[in-house]
Amino acid sequence: MNPVVLPEAPAVIHLASDTMAACCPQIAQALYQQSFLLTAPSYGTDAETTAAQQALRQVLEAPQAEIFPLVSGTAANALALSAMTPPWGTVYCHQAAHVLVDECGAVEQLSGGARLHPLPGANGKITADVLDMHLVTAAAGSVHQMPAAAVSLTQATESGTVYSVGEIAALAEVCHDHGLLLHMDGARFANALVTLGCSAAEMTWKAGVDVLSFGASKNGAWAAEAVVFFDPALAGGFAYRRKRSGHLVAKGRFIGAQLQAYLQDDLWLTNARHANALAQLLGQAFADAGMPPVWPVQANEVFVILTPVVEACLRRIGVEWAPWSNESGDGDMARFVTSWATSEADILLIAETLHRLSREG
Amino acid sequence: MNPVVLPEAPAVIHLASDTMAACCPQIAQALYQQSFLLTAPSYGTDAETTAAQQALRQVLEAPQAEIFPLVSGTAANALALSAMTPPWGTVYCHQAAHVLVDECGAVEQLSGGARLHPLPGANGKITADVLDMHLVTAAAGSVHQMPAAAVSLTQATESGTVYSVGEIAALAEVCHDHGLLLHMDGARFANALVTLGCSAAEMTWKAGVDVLSFGASKNGAWAAEAVVFFDPALAGGFAYRRKRSGHLVAKGRFIGAQLQAYLQDDLWLTNARHANALAQLLGQAFADAGMPPVWPVQANEVFVILTPVVEACLRRIGVEWAPWSNESGDGDMARFVTSWATSEADILLIAETLHRLSREG
Amino acid sequence: MNPVVLPEAPAVIHLASDTMAACCPQIAQALYQQSFLLTAPSYGTDAETTAAQQALRQVLEAPQAEIFPLVSGTAANALALSAMTPPWGTVYCHQAAHVLVDECGAVEQLSGGARLHPLPGANGKITADVLDMHLVTAAAGSVHQMPAAAVSLTQATESGTVYSVGEIAALAEVCHDHGLLLHMDGARFANALVTLGCSAAEMTWKAGVDVLSFGASKNGAWAAEAVVFFDPALAGGFAYRRKRSGHLVAKGRFIGAQLQAYLQDDLWLTNARHANALAQLLGQAFADAGMPPVWPVQANEVFVILTPVVEACLRRIGVEWAPWSNESGDGDMARFVTSWATSEADILLIAETLHRLSREG
Amino acid sequence: MNPVVLPEAPAVIHLASDTMAACCPQIAQALYQQSFLLTAPSYGTDAETTAAQQALRQVLEAPQAEIFPLVSGTAANALALSAMTPPWGTVYCHQAAHVLVDECGAVEQLSGGARLHPLPGANGKITADVLDMHLVTAAAGSVHQMPAAAVSLTQATESGTVYSVGEIAALAEVCHDHGLLLHMDGARFANALVTLGCSAAEMTWKAGVDVLSFGASKNGAWAAEAVVFFDPALAGGFAYRRKRSGHLVAKGRFIGAQLQAYLQDDLWLTNARHANALAQLLGQAFADAGMPPVWPVQANEVFVILTPVVEACLRRIGVEWAPWSNESGDGDMARFVTSWATSEADILLIAETLHRLSREG
């Protein structure tokens, strides 16, 4: 291998999204080494894929689970839900859910027409009570209405909060009482898990989650996700769903290798802890400067309403964030997202800047 | 970086598919280095993606082309065709085309219902004459029939043959005379190109190709393809098509870096020449042993009808191939596919084995 | 013809829906006579269909309009909208719109995945202001969001109210300012029209409506609707949309004959005036009895919150209605719908009953 | 009722299609009388619909069958098949099947992407042998291929021939051996049935048919079809399929009344016998004149290759037919279709003309 030429450090402090982080070193290296195995079976029948599936089953304490790796979180969610609802079914989710507002109708397309029904809820969460009320209403429906089929919750949520195990279990109970299935969009699964401090099993199937979109891309991989069916009976036909939507990658081991490295030696948890800790630091810095985060900082995201002065100062030191708005009327916000690649020095620089500003202000 | 642990060489000589080859060293290294650029814009707005798009435009001599990277050849084909036909349109292709027989209805799903109409043709190719005859018939149709919208040709074909520039131009002329668009499935684009010895522009838009699925995965990348619209007017809405089918990868530079390395220093052509040369060697070895390939060996695939004795001997030395059949009644065949990763020594071993067998036989 | 055997009058006073009314005599007779023309061209190429299209063009003062008859209002709406949005587009409508809550996802299916976005609004109407606000927000979107494509308003609304010409024009202006198309679900077109007292042209294209679902089934036909494209350029491909969804009826003249009779001698307006007048009568009776209708009675529907006593009395005299609820929290209501077939005597009986009850109460 | 004004008899002898025939008198009258029952429950919950379903169950000797009336044969076929295949499945049919060549991709749309696979076969029929061969091949498939799900046969066929009970049973056996379901497109069910002289049960479920599209429109109704599930377990979700595609007609008794009259007093069989007898007469006339029908005349269709002289003479006496071609290379033909409305005098006129021509020629 040629000597590594390090790219120049970016002048920008990228905090708009954790999708901006590169692949982390351990996964990058695993992928690189994989290229030395000149040939191997394709279409997900290789040893790396099998090992990754096995590792994920162990992590989830779910030896029966059917696991389908793919590269895209949007695809993971839409394909998972397509297996949980008929094309004429309704899937309930929070009104700010990624699957609803940021995936351009992938569920509608890949399910063949199912509908996402938004539910309100504080802190980006749907509650068992609100869900139950809506399902009771829906139960009065006829052939003219799309029957309720599933619920999708996002863990961590789009507001950077985390459902407790109890909250998940309560939602699952309502779902199952009404004959619905429960999906978890785990694009930031690890970030939520290290916050709760419970086991992955406790946060999923033990609480009643039926199908999981397990994400690794936002927490250190290039492009690696997996759809997990805790009940294998639900996975019938999923291999076809993945293939016909173009999501069965030919050289499956490049996903397998990423997932394997991701799960090895608790890398995924280490990455998530790093990101979460920096989010805490950042959230505290904003709070100390008189700008408490809009929602509790429970994972790797901080939402703040910036004053023009703060906005200008942050821009001057190179910080980039995502403008954020929502229908619940919380006003225009700034979203800051940390990742495995966020540097503590950068966050400390921001904290210091905010501290100085608040003293001056 | 830790010392590289080389995986053991596989005992098997994998010749069933070029999808079994790993990522080639140059691309693997480019991807690895990319991980050192800790953060970068996401969703395809990064520098690597832009550079890759620019490089591909140069290679194709098509400065106006709109280029959309993605990870899957199946998705590239189905999404490209979805932009070339209404949901009620007919797309003509060869009866053995990958898009028809190996992509599990991806065109049907991602186009919202369009139909693939198989055409017969020797050597895996559709001819301008046969196409014209069918289009004349179709023109007599009414609202009860699905109107002809596009033609998809595979270059190189599923039979390992290559359309000449003249053949492509003749097909394009028939297409355009009837108001149809011409798509090229270029999953093995480089293999075809080095055989023809012409420019990429001559093999595509100069001959009348409207939209190209440009493949890199089978020729050295992990997962890198691109849909190329030579006429930008056809690309309207494609960004939405890619997103809503889950094919807009978050960390776009993962694909961008692969494509950039693939096109740099003629790596893609070097890889293809290697694969094609070994296919020639293998084809000749079969011919010399009295088993001439079923179709002309013009790219990186060799199709042979094996005798039981030959089959047994090849298995004994670890060779694996793909059983192959088709509806044109050519009988059960074996498909051997070479790639950048195929070792000349392995092919020479096979040649020697065949030679010995034919002398003994 | 055999002597007509009159079916027994039903004991029930059907006011749950105007879909319960039979075909009215004039249309029934036209259809019957049509059966004496033993043969005629099929698939909508017959003289009745042509005449009906011509009559509707005259009524609408729209000589260029493209008109497609079909049998189902759900199909008319979903197919019309499928021609007004890409499969990844957003269609705005009132949160109580029939197209959203009573057509079981027909838009999602027949459009190939488009999304209906509910808007709030008093009296079952969306307002130009609310629409504008939502479109401004949507305009900030990216490829991750489904772009705004069209608006569908229901005239008369699901709340039995009627948009004024000014309200329609205001909505149309917002639509067109943002590049959207405006659809009118005219399942109860005639009921709204006679209320406004304007011309059909003034209520549609002159106010900015681009595409109309013109309904006759709820106002006297058995099964006759038409999709009207005021701009023929929007109708491209619609013939295929109708056919491939199974909505091109073989013996088209049975729809043509219904529509022709419907429009002849102002039958459609006479029927609507009858229904509306009885709704007024009924609404007034409820109001006089201390139960003012929840929404203004402007067409042929009356929504009332019944007391248990009233409910019991109405049931005793054979009245049937539809239970009604909505998300805006107006509580459980009863919906009463009048039609051409509603008898004045029945409504007077109800009025008298209510009157007696209120005096007794 | 006003005095009936009889339309003038058409100068044209319409033999291009049985869809050109009007509604027959008995059905027309039943429908007319239905209009005197001023109100009735809607959406298929009315007494006529229930009675029609019951009558059809009796005719089919299938008391458990689930029966769904609708107005369109294309919809009946596409919706029936959508319930018999996953969206990624393959449905086999004859290469000339109506469902494949004359329904504009309705199966593809309403099934969400399933594929129709054409099979060759003499006289418009697929045979158990050919089917078996294809299924054996398909069984070798993987996730890359669309798995075989169902077979659709047309009875009577598009060539005017009729499957014997034995042929149907043989096809059904092959289907069920491979885990496939068997669909019968019975658009001309009655025409086939009177030819076979067996019971409707013997021609369907007793021979192994799982789902039937029962057609009445081509044999005397205006617009009345029914999808019949002999196994109710297959009908799950079909009510939603019908609704969301816009095929649940509001005033369901419009269809119910037609179907009831159709089945009463063997009207449907009488109509079919009339049509078939005239087709026999016509076929014999062509044969006697030296132009034997291309396919055996077994139902109500006659296919002939016309000489220019004959063509000119028939045109002169006002005969209209449908030009017909097919891919099996039988050349350009003329299709003549008789119906309940075809007059014997017209056919005798044609016969005489042909006779005179052949004596002169």
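As written, the chain order gives the labels A, B, C and D, with residue 1 at the start of each chain.
The working rule: contacts are C-beta pairs under 8 Å (C-beta built on N, C-alpha and C of every residue); 3 or more make two chains touch, one makes a residue touch a chain.
Owing to the predicted nature of the structure, the values given are computational and were not obtained by experimental measurement.
S.K.: Can you list every chain that touches subunit C and also touches subunit D?
M.R.: A, B
S.K.: Quick one: how far do you have to rotate subunit B to sit on subunit C, C-alpha fit, nearest 5 degrees?
M.R.: Going from subunit B to subunit C via C-alpha fit gives 180 degrees.
S.K.: What is the chain whose Cα centre is as far as it gets from that of subunit A?
M.R.: Checked the centroid distances; the maximum from subunit A is D.
S.K.: How many Å are there between the centre of subunit A and the centre of subunit D, using C-alpha atoms for each centre?
M.R.: The mean C-alpha positions of subunit A and subunit D differ by 52 Å.
S.K.: Any idea how many Å lie between the Cα centroids of subunit A and subunit C?
M.R.: Comparing mean C-alpha positions, subunit C is 43 Å from subunit A.
S.K.: I'd like the Å distance between the centres of subunit A and subunit B, where a centre is the mean of that chain's Cα atoms.
M.R.: It comes to 33 Å between the two C-alpha centres.
S.K.: Where in subunit C do residues touch at least two different other chains?
M.R.: Where subunit C meets two or more other chains at a single residue, that happens at 43, 87-88, 103-105, 108-109, 112-113, 143-144, 146, 240, 243-244, 248.
S.K.: Is the chain-to-chain touch network here best called a line, a ring, a star, complete, or other?
M.R.: complete
S.K.: How about subunit A: which of its residues touch subunit C in the complex?
M.R.: Interface residues on subunit A, with respect to subunit C: 87-88, 101-105, 108-109, 112-116, 137, 140, 143-146, 325.
S.K.: For a test of understanding, state which residues of subunit A touch subunit B in their complex under the given definition.
M.R.: 1-2, 4-7, 9-10, 12, 14, 17, 19-25, 27-29, 31-43, 71-76, 78-79, 103-106, 108-110, 217-218, 222-223, 240, 243-251, 254, 339, 341, 343
S.K.: What residues on subunit C touch subunit B, complex-wise?
M.R.: So the residues of subunit C touching subunit B come out as 43, 86-88, 112-113, 143-144, 146-147, 237, 239-241, 243-244, 248.
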